[in-house]
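Here the chain labels run A, B, C and D in written order, and each chain numbers its own residues starting at 1.
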């Protein structure tokens, strides 16, 4: 349950895995992401629920991602995500453009063990037009009432960062309940945390409500400031200076390579 | 937001309303139920999510319920629910027999604003055979793969009891997340609580995760021991002696009337 | 410990029988009011050093579920529940169970509480163990009045789960899905095949020689009495007291919010 | 207070214009990176004594959402969001918005971040206000390259919502669903109809005489500067500092769990 290191925790994320990760505000496992890049994971099918920022851009730039399924990637106030944009324009990334509630609904279908979930909206959009894996069906309770059916999406692995876990693998996720959805929908869940609690989170009636049960968690690794340079809600803010540096460097392939050397790859002894 | 009394809080539950209430372990508003019986509410369409015990039996016995939609009613270890059983055998109650996950799915459809939710199981059962409002459709992602489509169920009112609320109507529901589902699915939500907090529950990162936002709550009334004689998780146990008395008395119409006189209707001055 | 076998209570024999049926599961869930299946699952967990995970639905302590009542069903839909227990006011020879009513559905002569989650869980949980103590022609009938959930389904119906066995106070039946019939596996000590036939309202298969249900080992008995019984007391205090002589502890909150 | 009107900043005029569009709403939700719509919604709330409820999605303090990212969309599906804001890399004269790419989808020449929730919210939120500061033929085009979400739908498509207006740095357009066209409602002070025509890539309707967008009242200006600006600083610190001169407060946790 407790992994000896971040590297050990992510060891089971295989090349080609369908990997689901959360939006920036919900706890992004950036230390684990850097470990994946160092390990040179390849051909990931990355599902960013429902959007991503630095994490997707880094993984794409480092050549780890074959397919990206999400509703948006950008660096937020810092503008476009440069490696994502370059990969799309260069034709090196298979893109499955979605819309946020469709991704949630697809994960909810997997969570419920149903083959699909209906969703309003979408009809007449090019989002739908470019998703042959989505279907328009007739609402069985309507008359001439088309509605989109979205297939269940059950990722191989969910990966996120949270504040606190206990030694049974219970993870405090607080208000970020999409982390629960991810863990229910995914076959396996890997979590990094700021710190470990000696108690059992499920036995505290206040914390239990915001806890993902260890039953759903394959491994937990300690990673202090593991979301850096992204924020961890209620714990630390984004490192905006670092992110601005990233945006500047990643504008070119060379700059991005320098960023990887500087901040991702292991430093060689001088 | 804060009601002056339990009576005031339930005043807006009209005759004929579709009223959803939780299972025994999740916080049953028994004081409010007694107030509804005293007010002689009639023709309720009671949705017990997904089962009920004393609450449904009392409301049925007191003649408040026209239609019952649920997966089961009993008094648990104390045996059958006598007024429910009598009403069914007497043909005075319209019964919509469901199965637990179907009710959850129907509420989830309302929560999502979709007209229906698919669910596995059910095919070939008499539960399905007696629900003309449920349909079998073809899984659009399968081949010769029938699946049940359940229509969204959006109650007029959700009514439950919880430990704690604040003056903004935020209610701590802890692990009983079906109360959140009920409130999202219902047009209006009425809550009774053990006590009021002076702070704002959503501003406490530990409690926020287990809080139903006041945005969804129409009114909150103070009702200490408001689940009595049923239990309130983490607060007080069931009053098993009282429940055994109920089971004994409610076995006959006369005994049930005596129970109402004794424990539900207002005592007249001697 | 002495080699002499301890005296085995009926509940212990049944729980041991069920524990063997559970086998190599990862997660066993038990509904309310099922103390013998709960004893079985906790015994399996004690023997397996914490595996399988056991979810006792009446308990706050013995379940990890904290995402509302739907989590049990979602968890089953995810394939994360391997074993569940169901019962029936009536059970018939094709494994159909009735938790609703006897007679015409619109004018029944007997009403049971309702189907609970059976019309879903019976389909999706790989091993459903039917447990009905009362073994009589009243409960084990030729054909149920109302099918809360059918024992088998048409080939095109998604059905990864279903019944594997029926445990009663007299015997253990296995359910054979392909044949849509029960087969008598063993008769509990003190009962006979003739008695089982006499009190069963449906036809069933049986080998020429029907074994006696084996008694639990001394080690299993010890685990049940010393390790499992105290765990049961939270959820099934009356059962724990009656069968294992565990005195009921007073109710205590785990720590009330804002109290 | 003096009767002389204060000098009105562009952002204040735009926010006031949007606040009028919000009208009598119960709940206004605002996505990330929309400080002017946020200013408008908070101004509407300040004027309405706490109504509408305002959900700023970038904020922990200014939103009640605590059921995961899907709650915003579920809430909209429940009919509990009256007003939302969308933008577009391209917006065309039929109200179609493009947040994805320009050119062939499989070999685009420009890529935007993606559709976010637009392909759903544009359909179900009754009043969607389009907000795009840059008013040019690059952004307001005859026909978008990619329809993230269409301005209107066929009559049989469930669509309780859709665009009601488009606010730019030059003018306010109303959207007429039946005609599937924008109508020029007013031109902001300092801008002209001719200029709007010149910089708009699509045809639109306009009255013979196009009014000037009215300036906010002195009271509204006071509310924005004194009440709203400090509230904005949590979510849009750079904007609050640049427009309203609010010094950024240091980041502080609301109280870390288990810290």
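In the analysis below, a residue touches a chain if its C-beta (ideal position, glycine included) is under 8 Å from a C-beta of that chain, and two chains touch if they have at least 3 such contacts.
It should be emphasised that the depicted structure is a prediction, and the values quoted were computed from it without experimental measurement.
Asker: If every chain is reduced to the average of its C-alpha atoms, which one ends up farthest from subunit A?
Answerer: Between subunit A and every other chain, the largest centroid distance is to C.
Asker: Report, in whole Å, the distance between the mean C-alpha point of subunit A and the mean C-alpha point of subunit C.
Answerer: 40
Asker: Between subunit A and subunit D, tell me the centre distance in angstrom, where each centre is the average of that chain's C-alpha atoms.
Answerer: Distance between chain centres: 28 Å.
Asker: Nearest whole angstrom, what separates the Cα centre of subunit C from the Cα centre of subunit D?
Answerer: Inter-chain centre distance comes to 58 Å.
Asker: Of all the residues in subunit A, which ones touch at least 2 other chains?
Answerer: Residues 105, 112-114, 119-120, 145, 147, 174-175, 177, 180, 205-209, 234.
Asker: What are the residues of subunit C that contact at least two other chains?
Answerer: 65-67, 70, 73-74, 77, 124, 254-257
Asker: Looking only at which chains touch which, which shape fits best: line, ring, star, complete or other?
Answerer: The chain contacts form none of line, ring, star or complete graph.
Asker: Provide the full list of chain pairs in touch.
Answerer: A-B, A-C, A-D, B-C, B-D
Asker: Which residues of subunit A touch subunit D in their complex?
Answerer: Against subunit D, subunit A makes touches at 23, 25-26, 49-51, 70-74, 76-77, 80-81, 84-85, 88-89, 91, 97-102, 104-105, 108, 119-130, 144-147, 163-164, 172, 174-181, 195, 197, 207, 233-237.
Asker: State the interface residues of subunit D toward subunit A in the complex, per the touch definition above.
Answerer: Interface residues on subunit D, with respect to subunit A: 32-33, 58, 60, 65-70, 73-74, 77, 99-101, 105-109, 111-124, 146-150, 153-154, 156-158, 238, 251, 253-259.
Asker: Once bound in the complex, which stretches of subunit B touch subunit D?
Answerer: Spelled out, the residues of subunit B in touch with subunit D are 110-114, 170, 180, 184-185, 202-206, 208-209, 211, 213-215.
Asker: In their complex, what parts of subunit A are in touch with subunit B?
Answerer: Checking each residue of subunit A against subunit B gives 105, 112-120, 135, 137, 139-142, 145, 147, 149, 151, 173-175, 177, 205-210, 234.
Asker: In their complex, what parts of subunit C are in touch with subunit A?
Answerer: Per the touch definition, subunit C meets subunit A at residues 27, 53, 61, 64-67, 70, 73-80, 124, 254-257.
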